[in-house]
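Several structures are given next for inspection.
You will see two complexes here that share subunit A, one where it goes with subunit B and one where it goes with subunit C.
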Partner chain A sequence: MLSKIAKTGLTRRTFLRSTAAATAVGALPRASLAADKVIKIGFLAPLTGAVAAWGKPGLDGCEIWAERVNAAGGVKLADGNYMVEFVAYDNEYDPAKARTGATKLIREDGVSFIMMLGGDTWPGVQPVADKTGMLFSTLLPSDLSPDTTTLIAPTEVHPVYVVTGVEWLAENKPELKTAVMCAQDDALGLPSVATYLAAFEAAGIEMLDEPLLFDPATTDFAPVVTRLISGNPDIVCLDTCYSDYVHPIAEQLFQQGFKGQIISATADFYDQMIAKTSEEFMEGFIFNFPDFDDPALNSDQINFDDPNGFFAEYNEKFPGQWGAVSWEYASIMDLWKAAAEKAGSAEPDAVITAMKDGKGKHAFGDADWWGKDLFGIDNALVGDWPVVAIESGKATIKEFRNMPAWYDKHGDLLIKHMKAYDQMWDQRS
Partner chain B sequence: MDLLAQTGLNAVYAASYISLIAVGLVLIFGVMGVINFAHGELYMAGAYSVVLIYSDFQLPFMVAVAVGLLFVGCLGLLMERALFRPLKDNPLGGLVASIGFLMIMQALASMGFGVRMEHIPPVTQHVIEFSERVRLPLSRLYVIIAAVVLLTVLWVFLKKTRFGWALRAAAQDPEAAALQGISIKQTARIAMFIGAGLAGIAGALTAPLVSVNPHMGHSVIVTAFIVIIVGGVGSLEGAVIASVVYAIVHTFVTTFFDGVVADITGLSLMLLVLIVKPTGLFGSADRA
Partner chain C sequence: MRNLLIFIVGAAALITLPHFLSFSQQEILVFLTINILLVSSYRLLTLTGEWSLGHVVIMGVGAYASALFSKELGLYVPVSILLGGIVAALLAVLLSFPLFRMKGFYFLIGSFAAGEIIRLLWKRFRDPFGGAKGIKGIDPMPDFSIGIYDFDFFEPISYYYLSAMIVAACLWILWRIERSPVGLTFHAVHWQDKLAEASGVNLRAYRTLAFAISSGFAGIAGALLAHYIGTINPNSFDVEVMVFVLTWAIVGGTGTFYGPILGCIVLTVLNEIVLRELGFEQMRPLIYGAIMILSILFMPKGLESVVQRIISRRAKT
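After this line comes the complex of A and B, so read on.
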């Protein structure tokens, strides 16, 4: 980490000093706006532990979002303008801590909306959501069910978007005929396994083996990789493995001589993977989360404000920290702000009603509220999603593909595999 | 055949780093009678030594490993003096104190380095190719060689030197050893330095091969406890042999079934040993 900072001309000490200064500067607008009305937004996600890479970078992105929105006058409701302040609670990806955090954010902090990563932590929070009627968001629509109408998945449609990468591969690299897959055995890994299986089946790509599940506590991935590549597959699929797993698995694939195609939901900090392997090895690595300096994000269909500027500011403030979720929670806030301003209120019921009125402005283009078949409720905002490839050491958007269009053709396969892995909303306990 | 050979190499590597950690844990328990729950965090401290010295300051990897050994060995001395010695008359005191130390270490690592995994540049990308599908990266071979050398040196130290005899005597019967003029405090310090140092060097050597983060000690401490229970609590030979058995079983089951089944098999192995021979394969009844 520090070597990356050092490359930018900073030492650990100056980095800490500048971080402290940035924090102080960040606090200034809040202090100067103390007399203004404030809306508090809860950020309930893992900020420490193995899953922190899908929490902390999102909070960093939200701080940039808040600075921008507050500088532009805040959120404009019926009774005036409100400044936005984020209140974070580290749930450590633990359901019990997530429940405590949700209760604290609602009762003590008085937040108007709570953003979560979801997954294993959602069952802990669900009773709080049902009891209070608080509006929650998740990055994982597999948390959705008709039981909780105030849970929405407005940005990431995990794991449905992974079908786009497989579909793109099948069309652009038809010589790839066989695949294998590994995943951690948890609430993030299993629905993704089912979705990749459906996508491979739809694409006519044969699975050489059952998906290889590993314990989330695994540290040595050599045995996993040995097994994966023992049948000489054309494609190794890393499912939705956490970056703590994607990196050592990719390194093992490199060291054990794999020369085929790799596909993964994410490739956070892929520059470090390249450093551990080689640019040649990582060439063509397919995943689904772009860098926001990608020129393709400047097209008219994109609903994320100034993606290139956001990316530059993020990297300046948090060098080397950009990851899959850096923009996602900020994008959710765009939707929430638009809905709250439309409703003229931050009340959960009013916001969700306004949000679901017509098409939603998803970051990657206008999208529909969707999900009744898979999740029992149309609370996932689904439209286009990018297919990203690493080319010459840089993430590059290859194409945007439409998820509902894939589902219209292959939805039965997805439901079949989801049911086989007990991942349909009515199968989850 | 290639699959078997590659899995065998994977198992040898796993046995190497597990035995380094488990032997250190056993040594501390054998001499001091303390179950050191913070042993995984000593492993983590060794890994962060490499982050700081090798990755950040860009000094040679072997310098970072040596610093890891010395730094974590000194952490062990600190634990002995500040935690275990004052609580030596309290049966649960050391255990509880080590849990507290574990949390402090994790918090310090989070504050000092952040919560995300650290990127450590590869020490070497050279690979020994036995065939297209049987390969041993040099970075893993280093761990295997280091484990063999260190455990051999430890064995010679314990069996052939006066300090080693004193250590073994203190482990077998502290009161009788004290009556023979052996300093129990001195042996405790030596045991803590060596035990912690082994965990530190294991963390340092494997740091470029694993995800280095403040919580990385969790998984290794569970494995180490399984190994020392199977091998016999207090038995160094048992810890080494159980490490080899566990590594072979876990690696082969992961490869031929899956990782979740491998974890269940490892725990089942421990339960089986506890039922058939509660003192472990090489443990004695008075230490168990």
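After this line comes the complex of A and C, so read on.
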């Protein structure tokens, strides 16, 4: 008897149906919601801890997105308009907590879609995704594999976009000939290391040393930086270090008198870095995440709605909190909303089919579903990505560069380095 | 008769408990059950007076070993879990040679260093440990039926029943060890080491024994965790997790068998259920820390002292 109850929902469809029914029953007393039909979206990312900088600002951005969309009438599906409500769960970047969070969001909150940061947390969630058929998104396409049919990477194709910065440097500062790199030794750092190595090789920039991999528990970066710059490199690459590492490393580079070029995937809260170092030191710092008040984002190719207004509202509500992910989850929601409206339904199957039908409206321009070579599945949306430089204390988009174009020329190098770091989808244990 | 009644009521409560919980609370219950074994095994080591900072890494050794036994060698998962515990215990014996040349604070630091070396080895050797990404796709416990109940180990209720049975058996063994002459000797090694040595007790051998036993059970806890979530990585067993184990032990108290268990239950429920339900999602570390400081200030002997006070008050009336 008990076993029969426990068995309920073991197929995808019956599971989702029973979950929806349970949620509907749970929602009955809340009469206030009856007037407005509501679609719940799960936000399963680190909101506390070292990786919170890539979760919390994204949730804040989503709240602004929801206010704007709801004010404009919500999501228009076949059976009427739905208001959007985000339900967040702090997974603390822990796979076990991510599993608990996914279970809660699907089976208790009845969400229609779950956004994640991904990385270490995705393997904990994958069995839940397989069992329920829920549609998930990740910011880290290295989570993708042929088995992850309901996982999409529709905004950030980390780490492929980092090639744009290196390519831009090689073209615009050809005097830079040598580089060194450091990264935290984890699921986020390693694929990025492989990609930067491919980008430097493609650009003809010599690596002076093997990438310096440090433990994520590192707090004293003085010895790391000392070793890093001991060979007088032209470029110091900070890979995809968390902001908790980028800041002290930049500070150490400043204190130890480094005068060369710095390149990094992110430079979250760069104003604080400038305050800790100097405007002159940070001048020309290259990274990949723009402020959304940048005039370049007002061009016709941009699909993100009112980026300047979004940035202003964000800074008004969350001053000093703008970071790499502030717009990314909201941008994923743009794609999800468009797909759900096209499908006329919020059902995961219908949404993913509609989403992958033709070109995708990526925030930085129309893009293609891509990834078979690298990830074993075409579930990453890839197109243009901006190269950003700090100029006079302000992030400025220098240029948009096309990732598939780079890959067409240098894809073999990327695969070579990915294989060397065991980062190809078929090498992940 | 009274004990039998308590046992029956307790067992019935544990069997029915998950049916009163939400899905996510059932998930938390699974992890709580596993953590009870972890913290109880830790207490056995503290009986000898030694506090380790490597216990969570040892748990990881059991998790990695069990995952590899089932994934690479195709061993049956329950056998892998048992072997995971044995590997953790054997590694503890190996580590005891350098570590038990130290005592007290030095042992604490030495155990931390040993743990970090093990974690670095997991990262360094991508084959077979998977490097920084760890191991994914770990075989789950195979489903089976016992007639009246079908165990589907994707479901938290099923895994809770399995882990509760294993943890209960382990706790019973730990309890029996503590109550045995060996357990009494552990106490003597802590409180009367000179006298014990003068009486012919081999201090180092008993410390090693406690370390190996506690590591073995921590290894089983790690293996249970690995086969439930299906993935492990070096960060799952870092010093931050160890701080939680220490906190459970300190807040609960280590004077009694149930002290650390009480600490683990109260703090987990507080952190994972109460604070989340109250909407303090992002302020949990702050509130959790404040509660910890207050409990240490006002309950220096841990939560177990509250229970003892209640029991002694009842005895007087």
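Here is the rule we go by: the second predicted complex is superposed on the first by the 395 of 429 C-alpha atoms of A that agree within 3 Å, B and C clash if a C-alpha of one lies under 4 Å from a C-alpha of the other, contacts with A are read in each partner's own complex, and residues count from 1 in each chain.
Following the convention adopted for this analysis, a contact is a pair of C-beta atoms (placed from the backbone, for glycine too) under 8 Å apart; a residue touches a chain by one contact, two chains touch by 3 or more.
Everything numeric in this text was worked out from a predicted model, so none of it was measured.
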After lining both complexes up on subunit A, report clash or fit for subunit B versus subunit C.
clash
Touching A:T148, do we find subunit B (first), subunit C (second), both, or neither?
neither
Return first, second, both or neither, reflecting whether A:T48 touches subunit B, subunit C, both chains, or no partner chain.
both
In the superposed arrangement, which partner chain does A:K56 touch: subunit B (first), subunit C (second), both, or neither?
both
First, second, both or neither for A:F214, with subunit B first and subunit C second:
first
Between subunit B (first) and subunit C (second), which, if any, makes contact with A:E108: first, second, both or neither?
second
With the two structures laid over each other on chain A, which partner does A:D94 touch: subunit B (first), subunit C (second), both, or neither?
second
What is the contact status of A:Q261 with respect to subunit B (first) and subunit C (second): first, second, both, or neither?
neither
Taking the superposition on A as described, I'd like to know which of subunit B and subunit C A:S192 touches: first, second, both or neither.
neither
Overlapping segment of subunit B (options 26-34, 152-160 or 278-286) - the one that collides with subunit C in the superposed model
278-286
Intersected contact list for subunit A, partners subunit B and subunit C 1-4, 6, 47-49, 52, 56, 185, 215, 217
Can you name the residues of subunit A that touch subunit B in the complex?
1-4, 6, 12, 47-50, 52-53, 56, 185, 212-215, 217-220, 222-224, 226-227, 229-230, 243-245, 247-248, 251, 255-257, 269, 272, 275-276, 278, 321
In the complex of these two chains, what residues of subunit C are touching subunit A?
22-24, 27-28, 31, 120, 123, 126, 128, 130-137, 140, 145, 148-152, 154-158, 225, 228-231, 233, 235-236, 238-239, 272, 276, 281-282, 284-285
Provide the residue numbers of subunit B that touch subunit A in the complex, in ascending order.
2-3, 6-7, 10, 13-14, 51-52, 55-56, 58, 110, 113-119, 121-122, 125, 127, 129, 132-133, 135, 137, 140, 209-211, 213-216, 218-220, 222, 250-252, 254-256, 258-260, 262-263
Mind listing the subunit A positions that touch subunit C in their complex?
1-4, 6-7, 10, 47-49, 52, 56, 88-90, 93-96, 99-101, 103-104, 107-108, 120, 123-124, 126-127, 131, 185-187, 189-190, 215-217, 422, 428-429
